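When the chains are written out, they are named A, B, C and D in that same order, and each has its own residue count from 1.
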């Protein structure tokens, strides 16, 4: 039996997920859509899907088994709480919430419910390269991880991208993947601004170096460049006690010509993570079919919010800024479950 | 509306395709199965699928839009001709036929029908690495292709594997991908046996070097090693007039430890081509939904049979053995169509 | 006419340089040696070389055109000042001096002399990989350099190695090469200690992350691991405004076997930099033959001493520690000269 | 005491060796030169070297310990025989001789003398990459070598380069290195001409595929492209019973920019093998100082001549052409000695 899914928010990313759920993946059908703009919802709705006037009505519908939230960030809290109230699995795009307090309310509501329902959209955890890297880190192959070097390079950013966004928008991916790769929590953040790039005019505080201090004592140094022009270049290297493990070059034809021996670079995150997005939903469908959620949790969404806030404070103060987390509910204590690939 | 598929042959590979069509891919449902062993067919049949007593009955059923043939090679001819008679799209596993004459009958029947219905199971054409390589060859980047070096290394082969099989079973992949990469036809074959490997006892004529002479004059040298022990290592390098293009290393974590800086090698073809198999069927479903076929054609199946036969003759004679092909029907003249990815 | 060289200090490194100057390089002969241990000097002296009782006598000898200093660090100042007084070119091993004050006295003496005489033994600047990297940085290929990631991994360290030594002994190589690669000066240092490696018992503060703040605003992050066990792994990556440039893997046979596709790693600095040591002296001989010095200067030795001192302070304070340099004498203003290779 | 060397032939390559022996290497001085053009000899002669009117006078001079022959190929035989008569070590540039008969006379004369005196100029054997590759082949790491794939790509060739020259001039390097890497002899040759490159007008028979059949049964397939335009690209891969070993990419800065992730390619053989030439003479000086020769022998020169002749016959006949070698004198039976690096 196919999983009946309702989609809240039919903007660009909502439409892309609708395409994925209807054209690419099996075991799922979209039975309901909702958007603040009803006309847009109607256009985006696949054949046979009902258009609901409110998120709450969609969530509570008997014809909806599970929900995908792609609405505006500030709307997430209420929608997630409604999903928990209805006991229905939900996939929620980043950011899970836009405030620490909202994140805590969601974590506490899910913990009170007693079973995981929420998967947050950190797609990197579903990327095959990162998964192989984690498998090496988790094995005894390189010993305990002591440092992680995470490099995040965007070819360019949109004109509305501001100096807060490397810390608010970009860093969250490196922060989440660091916590996951090292099976660790972030306890403090430092931010340093190197010599500024003149690409794009030089008004943006770019690049940025961020040091994430982990609970184990490991340090993650994140190098963010958001206007490197040449491509979307994501790198990661874990230094352990007795070995080092790194993400490989992306598979690309090795061409020898007048430009040297060379491989093409992905243009953007769509090209780089296209398979991770598919896999993210493939596993969500399996877990949702069993009435629960795996992958990145509400706790991970909460940690992400706290990290971004601490990074913004650290950018301001120039100092080490600690994260103050609530006590971790038992629901989140176990290692992040991974559905069978 | 989902494509209704009937599967003929529910042995190991048939079962794997049933899994793929029901669990991995969308837009398709299996409505019918058949096997020479009815009990095996019943076990393999997914929920709701009808078990047919004969291939012909399955092919002609109104509840079957398209057919997947995974039966024994000698049975393919009759089943394919029945599919053409019924005007239904069909995916046929390798080898398309076991004789040149049968291959010609199929090609002529499909040509007479006037539209492509058959896709033959050369999955390498759906592999992302090969597709990127072909894109480079087809561009002006390296000039006209003059040579192709194709390396095919298996970790091991089953105990029933005989000295004919590198030419009969293994070479066909290199031959088909060479024709496709270079947009060319094979016109003659030479076979050379280097010093024999002692792995596995040394009775097998292994390794083998095969030279494929192409219609354009390009030469493909194929290096086949079927008991290299360390992994499944597939390589390809096209030398053009002004550049060279090669398959990259497979993506794998770069580990630095006491064994050096290293990346793991795939163990076997299942690991190496798992995504190509999915993509092969993804595109088949799209074309079959439109009542036709794309990808490797009956003509490609015919060329494959001729190449294997010529290679066996060349191994015997030590000489250059020409292929004598029938005139290519207009149906196959255009470049191999590729469904949108 | 061969350059007549006197060697002061005939311990392990002095003996290695004597071997290099007599067996490997041309255009040079060793005419004089001195050591605090006269017997050791006699044993190390090549055929025809005179053994001097004092460094000063050797330096002033008419049979000595140029001097190589491999004595104990605290002895360097007096010997270097004597060389300047004699107007003779001198190669001095690291550290140039053991105090900031001594370094200033040498810099001022050389500046007063008005011509460069001193080359300090930072051999990395003569390594072909680093030179090619600098050529890319100096070109317009990657735009202005904004960050440099310098990785320094030793397989192991001797038992007398203490927690000060990553900053005192190891960091100086990364610091000097950073200044040279970026054509920049270090203005401040931060030190962070990640989770400690348990290799070797865990008493050593290892690994270490050092941030070098450059005059241009560029930031260098140095990752030091001194007991990584698997080899001697030196990495460097410059991130520019529009591109990135990195040291390549060391040339080593690519082996595919049960351990994967792999390349061996150098065991130690002797293996890694053997050619750089030769080239370092090749260029020294050329410049000394012209009565002067090129390559790393007394100013670079001074900067190195200041950086190590600031790093030790930063390790203690946990804070940013600025370097306070004297005004750069005009003698050192031009870009570091490079003798023809 | 420095080795006193006389150089015969002061054309371009002779001048380069004079530079190497006087400016780069130690333990050697040039005391004598000779050229068919006396004025050229005078210009090329370093300070203190005597200009001889005849090769024979130079060879027999008491002031000459060892000889370097860079004269025209047809003159080599007489000069080499004079060196043997004088009992003096000699380095002889390729080709050792221009006929099989001449090569036999030299081999027999040296064998009669009873000690190796001749080193032939196959510089690839002194290249660090090839030496590391041979070390892997000679170890048990990949099992017995069964195939070797040797790729020889030149960016361009001079206008006087004719269709014989890939077999006469270019192939000899691949043939010699194959014999050395595999510790094997060539027993037969096949030549195939793929589709011709149009670069340079298309009159040249280029590229060429050559199969070298080895005494052990191993097969070497050589891929020669002499006008690939993009650089000088030398590749080699040995396939063994249980593993594969390949030459690595040349060390070059890894640049990520708009052209991809890339490394520069050497422009020509001077850039690629500059260090091999130095090492070739470094080892020659050591052996000549002991009155003998190591490295590529007269026997290797003889084998090279036979291989080129067989390749030319095979190009003509389209058939397998066997080499008919004389019985190998005991002098050449042992493995090629390698002087300490």
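Heads up, the rule we're going with is that a residue touches a chain if its C-beta (ideal position, glycine included) is under 8 Å from a C-beta of that chain, and two chains touch if they have at least 3 such contacts.
A quick note: this is a predicted structure, and the numbers were derived from the prediction, not measured.
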Ask   = Higher C-beta contact count, C-D or A-D?
value = C-D
Request  = Starting from the Cα centroid of chain A, hunt down the chain whose centroid lies farthest away.
outcome  = D
Message = From the mean C-alpha coordinate of chain C to that of chain D, what's the distance rounded to whole Å?
response = 38
Note = Distance between the CA centroids of chain A and chain D (whole Å) is 58
Ask   = Out of chain D, which residues touch more than one other chain, so two or more?
value = 229-230, 233, 242-244, 249, 252, 255-258, 263
Ask   = For the complex, which residues does chain B have touching chain C?
value = 229-231, 233, 249, 252, 255-265
Note = Per the touch rule, the chain C residues reaching chain D in their complex are 22-28, 128-129, 132-133, 135-136, 141-142, 242-258, 263
Ask   = What residues of chain D sit close enough to touch chain B in their complex?
value = 143-147, 149, 153, 192, 194-199, 207, 209, 211, 214, 216-219, 221, 223, 225, 228-230, 233, 239, 241-244
